[in-house]
């Protein structure tokens, strides 16, 4: 491809256009060695932006330029940029398959000697995710996002059921809810990824983290695993027999419909990421303040081989440092990571916003926050987790993420059987 | 205003013979006359069925727009807690304020620059090319036309990766040029097609007589083709302006910094990884649609008149 | 004269198109460097990937369905708007509105309207109204055809309105004297007179819907795949979600080929080829 474009460039009289581009606004900075980083829009990202602003104010000779990009477009852009050697100095990822590829292609540098005190402060279950073959290639940069079970206490009270702790409890509760015409679980199946949370938890509770580890390591036929099959069957059963709300295939998460169903009592429970806690506080303050809004961990499975302390979700977003950046730029990035990440001010502002830094040394601070009950709950969840499973669509190779979504979508609709799912995924 | 009405009024179903035009027809191009004759709709009885259909379609059109409008005056809390199809009881300007504070006018200016310059260049180069093709008697002219026709069928998203590399090689990545240049290129085929078909219908005699008067190519282009093709240019201009104004794929891939962000991309600032600020997004949508609506309302008469001569051949 | 257009088109459209053809013979995941694989992408996409044919079938349904929806509505709307009554002029302004909104806006709005628990189906007291507009495999394609039509009918309506205004009133007067009714006049005068508008508008509709995908993407995310993932969307997902640019380029080339055939065919029907040869002889 490169060749064609060069010919084009030559044929055009590049210089004249280059001259034009100078007045086009923006453009790459003129020569000075500013490092750069791309962050996302929305969510807790404005706090990260502020953190960079403070850094830039304090470090005149180590400036970092920031761009905020929307999530979906970020994923495409960062890959194109990394692939063409134009990546920003600090490369943000969700770790998993993408990080593995970056490391294998040697697009990012080994950070093992540049992380300062950070490793000792971050929860082990989170830190692991930034490691490739024992070396640290990425460090967490924001809040940890475990997936938890939210519930609406008033709905439970109405039908007289206790919050389920085991899968047996869940099955009994489903029956009672159905008799009373309440949907047990809200699920944004139309967006598919929330259903992945179910698949992950059920697989983990049934067979432990090893079941999926084989898939990540690319073992032949690894999807053909009894725990994955169990999870798929259970999900189809929940879909067909009134476990999920009957419209689950049409409910989407973009506009928080799944949370709304919980908030207005149409559903009793919702399995979703920790970010939904602040969504509910913002968009459904009445429900949030009613005292009915509760949260708990995913139920245990009686005969399951998985460790009940295991959790799934997004350990955090992580920074890596581009191998294509100049040494100067890399040094700025190293300094930022080792000196500035999770500094006191940023941690405070994250906690105030209701998000949880994955740090083991901030218990006291958490206790003083407004959302201390939820933050303490998640902090314990993460701190005690034996394993923190990164969301599967991030964990697998990027090429596999889309087929995984496609096939899971078909499972949700009942268009294919679990066996067909396994077969399709194995054939990739 | 020069319209094409007279010659087209004489058009018959086999107007393919327009190449032997009735030149006299050009003597009475009178819009008013055209209008007077049109005061009665075809048939004298009111068309009940037509009226019914018209109102029905209005309902179809209006419902989503009604939703956009009422939602832009809500808070997201209000959107969630009440019936979202009914207007809120506590209207708020907060979404609009949020959008305006979020550099709306900056993005607006970017969009305006990109749209206006793209459309201006498209019209200029397309009318020139169309003139050349329509008047060309060589094989080259026809080949060129065929190649340009090929362009109509290129799905933009298919070529985006090579375009991205090209733009980067040219050092234009993340500039407004990165948006203007490719969008011009992809707008050319359709524009040329429409204008060519129009220029072809300009009576040969008019060209001949200008030549006899010693007019050069440029003179013919500016004094004859441009005014005569005005309706076609209008059609093309509106269509391409809307495409560019609302397009998001090129901006998405070819720009990155907020300095050069255009409106459709700025909408995405109101969505995060797990959710969307619906009222703010729709407020931004309303704000970016308003200027277009104003332009349309002001220019509607001209647009329809312009299009009138443009397509009826 | 044609040089600037040729330069622009050649550099920013034709060269990238050649690039796409080149990539269709390569394996490339964006991150690594592309490697030559000869015809194997073509082999794989055409013969070892049944979904290609599913997508092609969906594309045909979408293109024809869109045409059958948009063309008559736009035509009737154009005829309607061409009438001189005041209220029609007002309606014409309102009809124009959908053109003003980007696909992101339209997508968000219809997503809300089609929401099963909070949208139209929940708000209206009609039991028979389905609530799985966007997830029912049998329904979603028609919903897409409608929504995309919603966006594009206004422009074509505008074209037809202009076309109708151009038809000499005297033709209708003569027909009325001959006792032809409104329907008869529509078919024997309006339609034949609109021939050129119909052809131009049809070309835009057909080729346009052949390459269209953004609204479908925004609304459905491409699910259910076997009900909405038309070729342009399939290409986008394959290239930009699965990072298989080789396959995506093959699909792109197929699309270009279909589109080219279509626009050439329409061009022949429109008779401009005939005019071209006339001109060559002149």
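Each chain gets a letter, A, B and C, in the order it is written, and its residues are counted from 1.
The rule is short, and it goes like this: contacts are C-beta pairs under 8 Å (C-beta built on N, C-alpha and C of every residue); 3 or more make two chains touch, one makes a residue touch a chain.
Because the structure is predicted, anything quoted here is derived from the model rather than measured.
Peer 1: For which chain is the distance between its Cα centroid and the global protein Cα centroid smallest?
Peer 2: Smallest centre-to-centre distance to the global C-alpha mean: chain C.
Peer 1: Could you find the chain whose CA centre sits the greatest distance from that of chain C?
Peer 2: That would be chain A.
Peer 1: Taking each chain's centre as the mean position of its Cα atoms, how many Å separate chain A from chain B?
Peer 2: Each chain reduced to its C-alpha mean, chain A and chain B end up 41 Å apart.
Peer 1: For chain A and chain C, what's the span in angstrom between their mean Cα positions?
Peer 2: Chain A and chain C have C-alpha centres separated by 36 Å.
Peer 1: Indicate the whole-number Å distance between the mean C-alpha point of chain B and the mean C-alpha point of chain C.
Peer 2: Centre separation, chain B to chain C: 16 Å.
Peer 1: Can you list the chain A residues in contact with two or more other chains?
Peer 2: In chain A, the residues touching two or more other chains are 1, 4-5, 8, 12, 76, 80, 254-255, 260.
Peer 1: Using the touch definition from the top, which residues of chain C touch two or more other chains?
Peer 2: 11, 15, 18-19, 23, 30, 108, 112, 118
Peer 1: Residues touching two or more other chains, restricted to chain B: which are they?
Peer 2: Residues 161-162, 165-166, 268, 276, 278.
Peer 1: Inside the complex, what are the residues of chain B that reach chain A?
Peer 2: Listed in rising order, the residues of chain B that touch chain A are 76-77, 79-81, 161-162, 164-166, 168-178, 252-253, 255-260, 265, 268-278.
Peer 1: In the complex formed with chain C, which residues of chain B make contact?
Peer 2: The touching residues are 5, 8-11, 13, 15-16, 19, 37-43, 47, 50, 53-55, 57-58, 60-65, 67-68, 71, 83-85, 121, 124-126, 128-129, 131-134, 136-137, 141-142, 144-145, 147-159, 161-163, 165-166, 181-182, 184-186, 188-190, 192-194, 196-197, 200, 204, 217, 221, 235, 239, 242, 245-246, 248-249, 263-264, 267-268, 276, 278, 281-282, 285, 288-289, 292-293, 296-297, 300, 303-304, 306-313.
Peer 1: With touch defined as at the start, can you tell me which chain C residues reach chain B in the complex?
Peer 2: 1-2, 4-6, 8-9, 11-20, 23, 30, 73, 76-77, 79-80, 83-85, 88, 91-106, 108-110, 112-113, 118-120, 123, 150, 154-155, 158-159, 161-163, 165-170, 172, 176, 181-182, 185, 192-197, 200, 203-204, 207, 210-211, 213-214, 232, 235-236, 239, 245, 248-249, 251-253, 255-256, 258-260, 262-264, 267, 271-272, 274-276, 278-280, 282
Peer 1: Flag every residue of chain C that touches chain A in the complex, lowest number first.
Peer 2: Touching chain A from chain C are residues 11, 15, 18-19, 22-23, 26, 28-32, 34, 108, 111-112, 114-118, 131-135, 137, 221, 223-226, 237-238, 240-244.
Peer 1: So in the complex, the part of chain A that touches chain C is made up of which residues?
Peer 2: Touching chain C: residues 1, 4-5, 8, 11-12, 76, 79-80, 82-83, 101-102, 105, 107, 189-192, 245, 247, 249-252, 254-255, 257, 260-261, 266, 398-399, 401-403, 405-406, 409-410, 413, 415 of chain A.
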